[in-house]
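Look for subunit A in each of the two complexes below; its partner is subunit B in the first and subunit C in the second.
This part shows the complex of A and B:
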């Protein structure tokens, strides 16, 4: 019984982190067809912002978190305007450019902070016991944040004018343009929103992880697995796929402790398996549109 | 001015520079290459140690080489070996061909050092390894002496002895727990990162732990770069383990210790946790790494011999932190190379090798005597054991790294007790005492 509870809790927590990252990535891909490989690098930048605010300036981490979201979202929009927008029509070039952007961020952080492993305090310290299993409050916060983000995003997309513009652009950029929607501005705002979500994820997750300039690589792979499994561009798909891979990871750790290091590989194998059966992913948008 | 004229002016400038006093000064210098991952703590330690050595020697006028004093000039080479082994070989090649160094110290990852070693050996330059622990680095010397004789191990001692020492630490903790908590049969969780160097340690631990009168609760192999190990920790707690025997050289040592401390997992962490050797560990774990015990080299107040205190205190004064073993570039230059160069009166590598391999000399972490293998062939590896190099074990006790081993340690029941000056008893976490004390 204890084992099952452990697996459920572990899966929900890992899944929430993946979901937070993948939703932002899916959003910008769904709207602007931008494969932003720098998404998790923005997450890394947010984590360093919080470190600077909380550890070096002695502020409460919540201030660092707010500053990180605003600054990183702004940086995302600037990056879009200066780097991505001019080459947006060439998807391959955008892909390479975002990888380069991520590498630049990594090297800049290495120069400033070196490769030293750092950390930040939890927003809510301590743990509680749930059916005999110890759970950090910070992990509970991550789980709640994932649900909250989903709700807020749903409201934004379904109940606001901006949401309508985003959805219209996602469905057909040219028609949206003809209807008077400034498609380029919508794309830039979506980029800000997407990167802001990455920053928010960084802010929530960083107390549970180790801060270092290469910290964006691992989450990038898992995030890509989630969005491909869920269907490129599908927010709903990303959300569900994130929990599928989260549970896969938890199962590996608890059922095969000697192979705990394989948890990422097993999750990726599940993705490949699903794609072999259903190439468009669980809720594929991209492939459906291409047909 | 035509192209010919410009070319002539440049040629004259180059000629004048070559003949200038600066060029003469550079010929009076001993160039020592310091190679390592310079953006990481390990490389920073290597550079700091070498810097301190160079400053100290140069302040005294340099090293006496024959009838002239030569100052040390350090050349930094960033090997970037954590991310790319090719960068490491390129950096070594540059030291050899462009910077034309006389000697090299450093290197960290065994995989990278094996490749760097070949380059230095090709150029017949002495390379003192400060960081890599794989035995193969020295076995090469015995296998092919003429090629690899320029390699010497500086720090740490080889991984076979690292493991042996870690088992001794495990046994020491087991004895303390049996005595103070009255646990008849202690269960040990083996937690080792999934890395090549740790693989042979699993069967070794599985063989050694039952012989030490303890039971194995299970084996866990997290990724070296795992950032969340709460699932593993839950499983370890469910297994009933009272000791976690851990082997971590990578970042996973931080989340593991932090999360174990925050969740108050009732199991004592002992073994090798490289991150716990650094003063930044306390910040990195937000103070949750308290009571973690690891094999180590230096700690405030712990003295192997009369050389330890001046080195450790001097390093702390200069760099505001306790040196880790990668700062033994200081040791390699001050106690290894400098006296040998003075004795040889030359920088000729072959002459230096013949003196260095026979020398027995004190360093801040013990005494260096280079080993020979079973067939009597030179290994240029460090002798391990009381009276030579043993390392120490440190434990985080309320925000400070304290030396906790050797404390009344006997290598064999007949051996004399060994206690280094400044070593204090091991402290058990209060939540363990609360859980197990009857």
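This part shows the complex of A and C:
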């Protein structure tokens, strides 16, 4: 019984993390066709922001969270404008530019904070017992905050004018432009939104993990797997795929021998098996290639 | 005797009329000479080591270009081939005590097998889906390596492999000659009919299929050819470093090969090779400022891409050469008329 609850908690937490990351990644891919390898590097930056605010400046972590989201979203928009926008027609160059950006963030962080493992206190301490298993309030908070943000995002995308603009640009950039949507501005706003989501994820997850400059590599791969499994550009797909892979990871960690090493392998193998049956992912639309 | 003179004369004419007229061809010739003559001028172990590693990675980067540049099948997990080649050669050498001259090609055949295995599911995917899926394979293999440490050495890797040759100069020559040879072979492949089909698959796969070409077969061929060359570079790396560890499957290695290729200019073969010869020694010499090394590397890559998004060598070549508008033959930029059809170049 304990095991089951542990698996459920682990699956829900990592599933929500992946879902938030993957939705942000999907958004900017859909609107601007940018494969942003630096997405999880922004998540890492946000985590460090909170560390600075909470541990070094002694502020309440909540201020750190707010500052992290605003600062990182701004940084994302600036780097989009300065580095990615000028080379957007060259697909390969954009790929490398984002990889280089991620490397730069990692190196700057390891220069400032060195490579040591750091940690951040939980927003709310303490725990309660659920059928004999310790459930930390921070875990509950992370999960609820992730769900709340996903609902807010859904409302933003479906009910507001900005959301309509984002969705129509994702569907067809040229037609959206003809309808009077400022495509460049929408792409910029989406970049801010997407990076802001990454920052938020970093902010709510950091009390549960350790901080190090290389912490963006693992989530990056899982996020990619989620996005591919769910179907590129499909937010519903990302959401469901995130929980599938999150639970797969948790199951492997708790049940299989050597599970901690194999968790990535198993989750990625599930992705490949699904792709064998449905090459467009679970909820993706099958594009006949763009010519 | 007259026959020899005849052929010498012919060689001279070819050099004069085909090589010396274009600066890019002269540069390639000088590069060959430089690689072959380097140990005559310096016996510095450190320098030779850098150039040996550079050559190994040059093969690796060119093999990525053969697959992803030419057929457009974006492979973000190219380290898989490198790692399989390295582990294959190391295991064969250690357990079956096969000498390097056989274990490297056999390791490369393992990489071809890996290429076929990942090629078959990946054939149904395209574009970004393919790029993100291929990213997964080296990570799956890394997980397996960590999970079965008794066979694979786990985190420490497999050590105690036989050296490539007995001396550093020998190592250097083996790798350098192989690099020059294999890159020429790759360039020849891309210049042949197969290469034209690869080009066409990238440009418009539907049209190629409509012209009666079995694109699936050609894509698999690209996967296995690229896997073979990358596997050779992996095997050479294992024998040169005398260790095959999980770092050969690293995410960063997959990324860096893409960086090399796009930095130098894709769909050229010479671009990635040149880029490795610029970036890899640069990364070595930046060791003076150890802490800032990767940072400066990334900044250099980013800045160069901002100004030359088509790649460094494609940009350079466009600066020193012009294409004749009528007969599409390349000319040195200083000419005013085409060297073949005398059409005015603008």
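The rule is short, and it goes like this: the second predicted complex is superposed on the first by the 280 of 291 C-alpha atoms of A that agree within 3 Å, B and C clash if a C-alpha of one lies under 4 Å from a C-alpha of the other, contacts with A are read in each partner's own complex, and residues count from 1 in each chain.
Just so we're on the same page, contacts are C-beta pairs under 8 Å (C-beta built on N, C-alpha and C of every residue); 3 or more make two chains touch, one makes a residue touch a chain.
Nothing here was measured: the structure is a model prediction, and the numbers come from that model.
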First, second, both or neither for A:108, with subunit B first and subunit C second: second
Touched partner set for A:221, first subunit B, second subunit C, both or neither: second
Partner chain in contact with A:258 - subunit B first, subunit C second, else both or neither: both
Subunit B versus subunit C as contact partner of A:60, first or second or both or neither: neither
Touched partner set for A:95, first subunit B, second subunit C, both or neither: second
Subunit B versus subunit C as contact partner of A:81, first or second or both or neither: neither
Subunit B versus subunit C as contact partner of A:208, first or second or both or neither: first
Which superposed partner A:159 touches (first subunit B, second subunit C, both, neither): neither
Which superposed partner A:185 touches (first subunit B, second subunit C, both, neither): neither
Shared subunit A surface residues [contacts with subunit B and with subunit C]: 111, 258, 261, 263-264
Footprint of subunit C on subunit A - complex, ascending: 29, 35, 37, 83, 86-87, 89-90, 92-93, 95-97, 99-101, 103-104, 106-108, 111, 217, 220-221, 224-225, 227-228, 232, 258, 261-266, 268-269, 271-272, 275-276, 279-281, 288-289, 291
Residues of subunit C that touch subunit A when the two form their complex: 121, 124-129, 131-133, 135-137, 139-144, 146-147, 204-206, 251, 255, 258-259, 262-263, 266, 291-292, 294-295, 297-299, 301-302, 305-306, 309-310
Interfacial residue positions of subunit B with respect to subunit A in the complex: 37, 39-41, 44, 82-83, 193-194, 218-228, 230-232, 234-235, 237-238, 251, 254-255, 258-259, 262-263, 275, 280, 283-286
Subunit A - residues contacting subunit B, complex: 2-3, 6, 10, 13-14, 55, 110-111, 114-122, 125-127, 133-134, 136, 139, 208-210, 212, 214-215, 218, 249-250, 253-254, 257-261, 263-264
